[in-house]
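Next, two complexes with subunit A in common: one pairs it with subunit B, the other with subunit C.
Showing the complex of A and B:
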């Protein structure tokens, strides 16, 4: 009906595409560069890894190259080192994240107080987190150095050690040593996240509780902890995944040694590709890592659903 | 009674405990860096003295000069490589992500939510997963020992993070402003450049710096996709130095300081954006 008077006006030439279609097209057009970037560096490599995992492909043994079907996966099931790395990963993640959390929480509570020089201490606290991973690894290698390292020296002077310890080449001490380093690196992350959470809690709540006679410890238990819960969950879940993936520290400090004592699944994948140049098997490990990550990510999304908006 | 007891507890917690805690925290965070800094200033005699000498008897800059000019591990070259790779990664990532972030924030199309989820999930991906396929890919393309391979590989972790951050920044800008620009005859791209970008500039700058810093710190791609000394970045160069016949701890400490200082300076500028950046996966270590 509205069209009835349209005959008076001169009809505009109808555009080739409707307005809606053009808008959509523009939207997709803006995504082309990102597709090119991630297609070549994530999507295609992952597909390629799946393909490579079906071949025997060791770079310096080209004569043995060939299709082996699921052979690499059968090898994986029988590979004791692989199962060991899963256990090591668990120890590494659990040890690192739990201690990082405790240290980070303590640091956040300290930094939440008002005192002179707070900006300085805040910035300093962040340092271990923001410097390159290789720097952290080398700094600690130097601290752990048996003859000239400061850790042995201090412990000897305090009388806690009788003789010098080779922290990173002792199978029993290497894992605790790399975990300690990772704790040092990760404390700032929890400190910053939890500090943000603390600052978001309104002061009035504490005031009201004080008026009602709640003591320091009660206020902490009944106000601070429950209100921090969402951010604690998000931060911890994130950390667990990143720590599981994190290869730099261990790779630089011990390369997974001594005798695979610190070999976690991600460093094992790295060493297989980089040191052994066994591409077929490294790709198999990558696919397995991918599956583990997918499970982690789904769990992560379930756990953090609805919490994300808080951060 | 209990009230007074509680007040005393609060006073102790706020007084001695606080100060002791802060001292411990500062020592914990800063101690190892101070030690490496002192090491970088020591002469060989001081470095390998028994018993250990904590402070250098004579301060020397020789370690820095040696590291910077060394033929075997030329830190000047590593520094230049890192600067080049990180800068190009930063600029390219930012351009690509502005377009993608804007599209995801403004256009409603099928699969938008799935895409956003994929960008989030990619934050969880380990770089080691990509090492084997990327290495064989760069071999096949003859890109080993090129800047292109490093820069392109870096996109795998900078781009998802940057897009994720920028979608948030763009979402926060009211649409009305663009609508009026569109009515005034701006195209979509014009509206993006003239209205949205200036408003989002601080966030974009912070995100770009994050991308720079993560590329600067990147290690695994840098050691895997380069073989020649003159192609090493700082991270790879440091590791390469350890692989030498005997570790020169003095020079190595100088190298560590050289790689750390730029990052530390950039991050002090980022304080305000830190929480968002960290929770989105700026630094995953």
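Showing the complex of A and C:
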């Protein structure tokens, strides 16, 4: 008998997930490594810090470890040093960023002109930004050294000082001195950002304005500033966030002293964690810093979203 | 690749041998440079944390470890150098994580804190049977004894004295101080030494670090004050406030100190004297060898601290300890290494190289210490030296640095009066009497 080759079609078992669900799942699976990295390095430490802030966790007093609820937050409200550091942080951030912006803008306008030796000047302008922060701090600490520092020596020789000034040891001068160092370091950042913006403004606009009789200040006010606005906002907001968190310059130059005159909240957090070994309270300070930074970040995102829609 | 630039195995070995010989030759301070490799193979490792990694100390301690390793076959010491600023936190983190080194070198004011964590190996029974137990001065044992337990070996002892620029004194016609000089004479000398137009000042006061508060306290004691009285904190007394006021005025009112005082730590005061900015400063014998290099052995001397109005004076004893840990992986190795460091030769070399006074009488009596003018101020201070009162409570160790020093700086720069500082400081001490 001839064998029949015909076979009956058998229905495949119904897949566990629909095609759409599988496509979606595949997409999410690709995201897993990134999510794991972000979760492990950002989300988990933040949650851990929040958790730690609810505990009395002084490393050298293990017997006193325990849940204190909002006790650390209550302590923070009464902590005079914290409020002082918060005020110092605002002075540090706004003093640094505003002067960096002014200096950077001036440098960018200068570098935008064509003159002999411009590439050399551009390179020199960038140098402070290239040098590592700790090196900058050490160099400036020596420059400010009251007994044998260069700054005092030069000012005394010029007759501008009668006696040696303790730049970093005088509570009234220490903060301006560290801000000046930070300004020196941060000017190139603004200079480069704003120079890039200036170069993107079409020359035709200036030519048309010139033909219409606009003077230098009018051209600056009505062409340069409005067209640079997006870059100014992005650069300033980014710089504010960086400076708020930037602890190494102060830590190396003054360790927050003298008498907490240069203690900002981020250095205070470092001291609380690594000198006092009070990890519970340091975590509380970190959480508060996080909230302040979140406010800045939300503002930044709102402003830049506006800019994106304009552009 | 160009073969001319490739090192053969033989060339590499020769280069390494030459580098080793150069490094050994560099240890000129040791009579017999170490050239031979160690003999022990498979020896149990001993982790030793050393917390002042300056070039001289690093070479010295590495050499000590090699000599110990060569002297026996059971253990091999591996030195972990940690910057002083991070040493305490690294040890506490190691203890908290149940992974401390086997032993370490730390100042005695930290040991109480470690003991508070239940981390320190109790050496009481073993040291009493140890061969040099009676040779160690009783006061040195006192610096490492807490609640009747001996917790460490006092490797070296220190007390404070005044470094004095002898050549400048001759130049300015200032009489050298007698051993029983007074505050008035101290102040007069500081003024006579001060020449701001030449960038020279009379006294290098310390404004940063734990000892900023300790040196000020020694002046308070000279005015009749005490840290503890009848078991209570008494540092806010009238005598203390007056003594401190006098001390602070050297900087605030009389301007006999350099303007950098509020941020001058140990390095600041030692270098200030070494570079000729200051002509007197208070420190232990630990910077005497350095000053011999800086200003020359004949250009300075040391004298005891001056007598205060109460006709009293005090110098605080401290010791640099060798401390072992209860949860160490190699406690026996740690004991063997620590006790070996207290032997004649290693201890003598450590102390003499660094200018520190040995805690063993038989070594301290050697002419290298007893006859050296650089040590006289400290040796003459022995009769009135006491163990630092700040060693009374374990909780005080870290608090002086973290809370006492910023408060002291506020008093220095005039943000607090001496009395206000002492009231706040007494509060900190009272809170941490544990």
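Everything below uses one rule, namely that the second predicted complex is superposed on the first by the 271 of 311 C-alpha atoms of A that agree within 3 Å, B and C clash if a C-alpha of one lies under 4 Å from a C-alpha of the other, contacts with A are read in each partner's own complex, and residues count from 1 in each chain.
Basically, a residue touches a chain if its C-beta (ideal position, glycine included) is under 8 Å from a C-beta of that chain, and two chains touch if they have at least 3 such contacts.
Everything numeric here is computed off the predicted structure, so don't read it as measured data.
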Broader residue contact with subunit A after superposition on the shared chain, subunit B or subunit C: B
Subunit B versus subunit C as contact partner of A:171, first or second or both or neither: second
Touched partner set for A:56, first subunit B, second subunit C, both or neither: neither
Subunit B versus subunit C as contact partner of A:274, first or second or both or neither: both
Partner chain(s) touched by A:40 [first = subunit B, second = subunit C, both, neither]: first
Touching partner for A:282 - first (subunit B), second (subunit C), both, neither: first
Touched partner set for A:260, first subunit B, second subunit C, both or neither: second
Partner chain in contact with A:148 - subunit B first, subunit C second, else both or neither: both
Subunit A positions touched by subunit B in one structure and by subunit C in the second: 145, 147-148, 274
Subunit A partner contacts - residues on subunit C that touch it in the complex: 86, 89, 92-93, 96, 113-114, 116-117, 196, 199, 207-208, 258-264, 272, 275, 277, 398, 401-402, 406, 409-410, 412-413, 415
Subunit A residues touching subunit C - in the complex, by the definition given at the top: 59-62, 145-148, 163-166, 168-171, 254-255, 257-260, 271, 274-277
Of subunit B, residues touching subunit A in the complex: 2-3, 6, 9-10, 13-14, 18, 21-22, 25-26, 28-30, 32-33, 35-36, 39, 47-48, 50-52, 54, 93, 95-97, 99-100, 102-104, 106-107, 109, 115, 117, 121-122, 124-137, 152-153, 155-156, 159-160, 163, 188, 213, 216-217, 219-220, 223-224, 234-235, 238-239, 242, 249, 252-253, 256, 259-260, 263-264, 267-268, 271, 274-275, 278-279, 281, 283-285
Footprint of subunit B on subunit A - complex, ascending: 23-24, 26-28, 30-31, 33-34, 37-38, 40-42, 44-46, 48-49, 52, 57, 106-107, 110-111, 113, 115, 121-136, 138-143, 145, 147-148, 150, 153, 184-189, 192-193, 196, 213, 215-217, 234-235, 238, 241-242, 244-249, 251-252, 266-267, 269-270, 272-274, 279, 282-283, 286, 289-290, 293, 296-297, 300-301, 311
